[in-house]
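So, here's a batch of structures to check.
In the two complexes below, chain A is the common chain; its partner is chain B in one and chain C in the other.
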Partner chain A sequence: MNVYLLSLLVFSPLLGIVMVALMPKKEERTIKQFGFFGTLPPLFLSFFLCSQYYSGVALSIFDIKLNWIRFGNLEMYDPKLFTVDFELGLDGLSLIFILLTTIISSLAAIASIYIKKEWKGYYLLFLILEIGMLGVFTAENLILFFIFFEMTLIPAFFLIGRWGFLEREKASYSFLIYNGIGSAVLLVAILILFARTGTTNIAALTQMMTMGGVSLFAPISGSMKYGLCLAFLVAFAIKLPVFPFHSWMVRVHAEAPPSIVMIHAGVLLKIGAYGIIRFGMGIFPEQYKSLAFTIVLFGVLSFLYGAFLALVQTDFKLVLAYSSISHMGIVMMGLGALNEAGIQGAIFQVISHGLIAALLFFLVGALYERTGTTMLPKLGGLAKSMPIFSGFMLACGMASLGLPGMSGFISEFMVFLGLFKSQPLLAAIGVIGLVLTAVYVLRAVMLMTFGKNDSLIEKEKWDLRGWEFLPTLVLLGLIISVGVYPNLLGGPLQGTIEAMMLALGGR
Partner chain B sequence: MDWNTMLSYDWGAMMPEFIILGTTMILSILDLFWPKHFNRRKLAWLALTGIILACLSLISLLSFETVSILSDTFRLDSFAKAFKLLLLFGAALIILLAEGYEPREGLREHRGEFYYLFLTALLGAMVMSSSGDLITLFVGLELLSLSSYILVGMRKRDRKSNEASMKYVINGGISTAITLFGMSYLYGVTGSVNLGEMSRTMAAMTDGQLQYIMGLAFFMVFVGVSFKIAAAPFHMWAPDVYEGAPTPVAAFLSVISKMAGFVIILRLFLSLFLTASGDTFGALDFLEKNNIYIASLAGLTIIIGNVVALRQQNLKRMFAYSSIAHAGYLLVAVATLGGGYFLLDTVWFYLMAYVLMNIGVFAVIQLLSSQSGSEDISILAGMGRKSPYLAMAFTVFILSLAGIPGTTGFIGKLNIFLGTFITEPGHFVLAGIMIAGTIVSYVYYFGLLVQVFFRPVHSEKIIKIRPGLHIVLIICVIGTILFGVAPNIAFDFIHDQFGDFTDFISSK
Partner chain C sequence: MMEHAWLIPIFPLVTFLVLLLSGGRLRDRGAFIGIICTLASFVLSLLVLIERFKEPTYNISIDWLSFGGTQLSAGFEINQLNALMLVVVSLVSLLVQIYSKGYMKGEVRFSIFYAYLGFFTFAMLGLVMAPNLLQLYIFWELVGVGSFLLIGFYFYKLEAKAAAKKAFIMTRIGDVGLLIGIILLFWETGSFEYGEIFQAVQSGMISSEKLTLIAILIFIGAVGKSGQFPLHTWLPDAMEGPTPVSALIHAATMVAAGVYLVAAMFPLFMASSAAMQVVAITGGITAIFAASIAMVQKDVKRVLAYSTISQLGFMMLALGTSGYVAGVFHLMTHAFFKALLFLAAGSVIHAIHTQDMEKMGGLWRKLNWTGPLFLTGTLAISGFPLLSGFFSKDEILMAAWENGSYILFGLAVVTSFLTAFYMFRLFFMMFAGDSRSQAEQVKESPFIMLIPMLALALLAVIGGYIQTPWFGTFLGEWLVEGNEALLGASHSEGPVWIMLMAVLVSLAGIYLAYMIYVKKKLSREWLVKENSEVFRILENKYYIDEIYHFTAGYAIKGFSIFLSYIERFIVGGLVSTVTSSIEGLGKVGSKLQTGQVQQYGMIAFLGLAVLLVIFAVTGGYLR
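This part shows the complex of A and B:
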């Protein structure tokens, strides 16, 4: 049973897909309910896995490995050569990402209640997207990872292009092309590794690249290792996104439906960070180490660039988009710090930003539903008409700017702690960004909740109500509990980070 | 050759060809004598039966030892079996397409002709894949070409169809002439037309002068065949001909005819040029020395196919360019020789993927264009809302053509890439071009999906699908997904049945 649990987890949204697919097109209510129920099986399964972990079960018992594809006819050399197995596995790092995925998916499914048309297609794509995301975080080999990775791309393309705001098609196209280029780079890197080593298993590759395995065919030279490491970094930097690869993501944030942005900012972007940790850092520790300065440099650049641009935006969605770039910069800074604090901080930041961004975009969705706009000059005085909403917005803004006691603080603190140790100069420059973050977050939130424009005050009964409290409270609760008790994440991550530090030579 | 030697041949090896020939004859006689008012659409089912029987007899031959009959002119080796299987499979799908084909002005009494001309073309392609000598190869090629010239002009009262047919005859004629000229050089150099003998002579040939002539012959044959597979810069005919030809014929040209082109390339190049020496010391293989030309042609084909496809408004023209691009991807596998490990199974698998996805696409095009009378990409608009299942099928084909994981097209491309990277130095430039071409192809492929799902409905007319087309769509969708998710079914099949295709030249 344990062996099939992971496959069950990854493919459990299929149940919802079947249920939604069998519904007639017009049954709005039922489809929405089934769509939401479809996200519950993975949620409960991931909780179950989590409880197993906390009760002391080793996560490796869930690993599954089935024969799948064998390329070429090279059995006489080595039966495992050029085989791709269907192998899923779990460690602390992926467990956390899985939880993030299932929680945010369920909440985004609730937020999808604002979707106005073609619910059937929407939920079908939504659940396929969830399968892709779950697969990405459990895949144990590169080909499988890539397949799931692309599986997130296609549904997201349609979700943005069909259900988004006015300029949705342009946004979905730029999403497709940028990510297409990213995955092309990724695919080339994966296939060079595969062709030269005959395996795509991450653990086997890690060993081969660090210990230097015997190559049956053409060898992988030192400079090629650099190239491959760089290719992985670029591919995932596009996904993350890091300045200067960010323009697609701004468009997506502005044009996609808020429920999809919750998933996008909450989970999809995080695949970039996950990939850098797993492949860049994991498979090529030597090369990664020597690229650390560049990584931090781009991290600081995105951090400042995002923060500066967020200062001048008039659309609240764009403020959030640039703030996402800025926060992903922190992730890069942490990952480039090459020490335990930095890497742990980066992973914390990934999770924390996932939660915060999801909450912010949920609130944006709720706001747009009521006011029909997210332009800051048109908003204002919401504190009067929507006091509870404004309160949540403020709390969320505080989390975003890193108020102690919230998850944002822990991660930023740890990143800077790590970075000051290894790259003090860049860290010092980066600190400017912290100030800017406070300024743009407060500016945006103040303009919305107070502000001069009080044309919206008259409306009654606008505030959050009923089910809308569920996602808000769950996300805020998680943000605060991670902030107050960081070991919630730190525990599961311990093993992974220690392994990373060992490979990186520790410091 | 006396009666006894005739009888001593193992004629069973030619069974599939005989069945196709027999069906062709029955069809032509029926078409001739049956009264005019009789609906010739039914003949399609007879043709299909013939193809299925041929397929079954081929399957029963799979376990057969490699044999060559008629003094080694006709071989039944793994290569022949594998590619004939694919040819027959593709042909069966296209016959089903043709059954449902109904152009504006109707096909009237020509419908019968369509089926038996189609079968003769198929026969030509089958003979080519089985040929053990230049003459059989050429006769097969001509049989295929001549039949397809007529097929293109099938819509006799349609101006575009006539124009396309004319263009195809002239272009095809020139290309065949060039191929034949090249072949005559090969004959001159080796003094034989038997591929096995030629290969032995050429492997031992170290005279620089003769090698020069061999080089000329190589280029000419390659140029001639490039026409057939529509590789740049000899691709100009493809868009015009595809546009003018009836849709099933366009599908035939893009699938069967292209496959036949690759059959010649593989037959000739692997048996003759792979082992021929490329320099006077015999240290370098000929193909190793000259594969840069194939590689650059492959690169050019990918670039031209994908870039020009971006600007097409006519669906058939767009898929003509897309099929040019796919020929380029396949040429990459030929140019790199699959790194030595992944050649024939790679090409076979990719062609299988291509049969499934491309015929599927042409089925959808045929369905929509015969209903609206136009071939503009706007006829796809709103299909997602009007007929979601058709739209879903179309999406699967397009994703497969674009090489998205989960579809056969992805596994096919993966295989080609493995071949480019496995050698040292890897063919990075070629792989780079291929991946860039794939990205460019996203733009126009997804442009079609944008039409299907994001645009308002083009016409409210209900799309009626004939049973034949239904079968094609179902087979193609299932195949595209099945071999994308579980490609091992196909890989294991060809590795178990055909091993490494080692019986390629060796006679008995």
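This part shows the complex of A and C:
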């Protein structure tokens, strides 16, 4: 049973897909319910895996490996070479990402209640997207990773382009082009590795590249390794995104439906960070190490650039978009710090930003539903008509600016702790961003909720109500739990980070 | 009892959660929850303090965050300094909450107000109990949020909105300094725990340049929180919050956190004379600078705000001149008399609905309780003999003298004079002379507001007797007990004439105010006319706000706009280059689809040729 659990997890949204597919087009209510129920099996399965982990079960017992594709018939080689197996696996790092995915997917499915048309297509794509995301975080070889990676692109493309705001089509095209370029670079790198080593298994590759001495099918020179590492980094830096590859993501944030942005900012961007950790840092530690300064530099650039631009935006969605760029800069800074504090901080930041961005965009969705606008000059004084909404908005803004007691602080703190050790100069420049973050977050949140506004026609019972409390409370609860007791998240990560540090050559 | 001390901050947190979740449905009953919970905290703090007299420092912690081989812990500690602070904070918070029940009566968001007060009290108590710097920083930021929420309590008022934002951002600038200081200290000492840090400092492991840098960075945090020059501008604006909030947060507790931080890190500062000098000079400048502004302000609360800044400067000056006990002592007495002054001012505002001193006057006869209470506070802060402020200010002057910082000593004396003057200017303008008020009926505040003021007045009178040159230096001896780094700092010695001079100086200040504002022997108009330039500068608070606005404010905004052009034209240009080149590639590709087999064959052949050449050159593989 255990062996099939991961496959079951990854493909469990299929159940929902079948249910939604069998419904007639017009049944709005039922489709929405089925769509939401479709996200529950993976949610419960991931909870089960998590409980297994905490009860002390080794995660490796869930690994599955089935023969899948064999290239050529080269009898002279080891039969293990040039095969691509169907192999899924789990470790502490991927477990955390899986949980993030399932939780945010379920909550985004709830937020999808604001979707106004063609519910059937929407939920079908939504659930396919979830399969892709789950697959990405469990794939044990590069080919499988790539397939799942592409599987997230296509549904996201349609979801943005069909159900988004006014300029949705333009946004979805730039999404596709940028991610397509990233994928192309990634594919080339993967294929070169496959051709050279005869395997795409991540663990095997990691061992080959880091331990040395293991005979390769064909030798790879240092400069080639360097190039491959760079290719992985660029591919995932586009996904993250890092300045100057960020403009597609700004458009997506602004134009995609809020429920999809919850997924996009909450999980999809995080694939970039996951990829850098697994492939950039994991497979090519030496080359990665020599690039550390550049990585931090781009991290600091993104951090400050995003913060400065968030300061002058008039659309709240754009403030959040630039804020995401800024926060992903922190991830890069942590990953480039090359010590436990920095790397763990970066992973914390990934999770933390996933939760915070999801909550913020849920609130954006709720706001747009009521006011029909997210333009800051048109808003104001919401604390009067929507006190609960405003309270959540303020709490979430505080989380976003890294208030202690919430998850964002732990990650920012650890990243800077690590960075001041390894790159004190860049760290000292980076701290300016901490002040800027406070400025732009407060500016945006206070423009919306404080003050007075006569132009908004307030209605009765405007505030958050009923089911809307579920996503808000769950997300805020998670943000606070991680902030109050970070070891909750730190525990599962220790193993992975230790292995990384070993490869990177101590601290 | 000390093992249960963790409950002290939990009670106010319960208030916060209960009131927030009840969503304002409790209305006035919210006050009871707040008051009862804070009372519990206060009683517990008192018991802890009493036990601490007999027993040694208590410390407990659990693992909180681990990375690599490092374990960071969370817990709490009860030492002399924070046992004392716990009592001061919970007491002032309790009194302010009782007072607020009367003051905030009729407010729609009454229970939310108590929820915020609960949150603030929780954070402040947590800050005081923190056993390590990281935890201190966590609560340090949380008190900032509490302050932010309460300053912006009247969220619909534009001034309150701006003030809340400014308070948060200005203190955040200081906090970043503190954060860097903590991080650098961690890498130098390998720990956030006070004990381990002090050990490392005393063992001389850290180079003196690093030590100075770290101490100054930590001090920057204190500068932000305690409204020291040049990060003081948020504190006067913070007066937009309800008056009880000003009493609790912006007079007695949060703003004193900076002083507490320097006191708590005292062994670190002691190890760097340069850092001590920075602390002392900043304190001295702030003290006189704020006092000079307080002389010309017209808003009651703003005068008190500048007075608070000035008094905090006094405390910093004391700490910077090695007067550990003097600083902490003044922190305590100031908490009592300044809270009293704010509450009494609130009582006046409550009665006549204005904060403008020009519109007051002649209230002595109408407010039979508030008048004498305000006078008590005014006398205490002016250093009138035998009241609490007299003893603590004396201790500070002694410390400065003993340290040999004669310039700072001079500054402190001048500031004492200014303090007595502006406080009595305030008092006389409010209570003496004829009424200039438009309010027809002036009613004394209700009993529930008077009780806390009476309690504070009592403390403002007798609070000084725990550390006097005559009846023993109980506080000082207790504070430095068992702390080698502070040994010998329990009391500052100085010549007797210092005390006499301090008395004369404050009496002179009072006399001058009396001559100008009561007897009118010196005409105000004449003074203003003769010194119009000085007055203009003082009234505009040395134009610091304007300077910040036109430099930092514009620079950041300008840079943001500059970057948004870069975003639009350069990054945007890159994007359109990418898209158009891909489109172009597609067009070229589609032109190749001619349908001519010969052409396809030729391309295939060329391709093969290229591949063969590559193969021949590289021997099969790119390396």
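In the analysis below, the second predicted complex is superposed on the first by the 494 of 507 C-alpha atoms of A that agree within 3 Å, B and C clash if a C-alpha of one lies under 4 Å from a C-alpha of the other, contacts with A are read in each partner's own complex, and residues count from 1 in each chain.
Please note the rule applied: a residue touches a chain if its C-beta (ideal position, glycine included) is under 8 Å from a C-beta of that chain, and two chains touch if they have at least 3 such contacts.
Note that the coordinates shown come from a computational prediction; the quantities given were computed from them, not determined experimentally.
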{"item": "Three-chain arrangement built on chain A, chain B and chain C clash or fit", "value": "clash"}
{"item": "First, second, both or neither for A:Ile181, with chain B first and chain C second", "value": "both"}
{"item": "Contacts of A:Leu434 with chain B and chain C, given as first, second, both or neither", "value": "second"}
{"item": "Which of chain B and chain C A:Lys452 touches, first, second, both or neither", "value": "second"}
{"item": "First (chain B), second (chain C), both or neither touched by A:Tyr123", "value": "neither"}
{"item": "Which of chain B and chain C A:Phe236 touches, first, second, both or neither", "value": "neither"}
{"item": "Contacts of A:Tyr274 with chain B and chain C, given as first, second, both or neither", "value": "neither"}
{"item": "Dominant contact partner of chain A by residue count, chain C or chain B", "value": "C"}
{"item": "Partner chain(s) touched by A:Phe194 [first = chain B, second = chain C, both, neither]", "value": "first"}
{"item": "Chain C clash site on chain B (candidates 61-69, 151-159 or 223-231)", "value": "223-231"}
{"item": "Footprint overlap on chain A, where chain B in one structure and chain C in the other make contact", "value": "173, 177, 181, 196, 218-219"}
{"item": "Residues of chain A touching chain C in the complex", "value": "173-174, 177-178, 181, 196, 218-221, 223-224, 244, 246-248, 305, 308-309, 311-312, 339-341, 344, 381, 383-384, 387-388, 391, 398, 403-405, 409-410, 413-414, 416-417, 420-421, 428, 431, 434-436, 438-439, 442-443, 446, 449-452, 485-487, 490, 494, 497-498, 501, 507"}
{"item": "Chain C residues touching chain A - in the complex, by the definition given at the top", "value": "20, 23-24, 63-70, 134, 137-139, 141-142, 145, 152, 155-156, 158, 161, 164-165, 168-169, 172-173, 176, 179-180, 183-184, 186-187, 556-557, 559-561, 563-564, 567, 571-572, 574-575, 578-579, 582, 621-623"}
{"item": "Of chain A, residues touching chain B in the complex", "value": "67-74, 82, 121, 143, 146-147, 150-151, 153-154, 157-158, 161-162, 169, 173, 176-177, 180-181, 184, 187-188, 191-192, 194-196, 217-219"}
{"item": "Residues of chain B that touch chain A when the two form their complex", "value": "339, 341-342, 345, 384, 399, 404-406, 410-411, 414-415, 417-426, 431-432, 435-436, 438-439, 442-443, 446, 449-450, 453-454, 486-488, 491-492, 495, 499-500"}
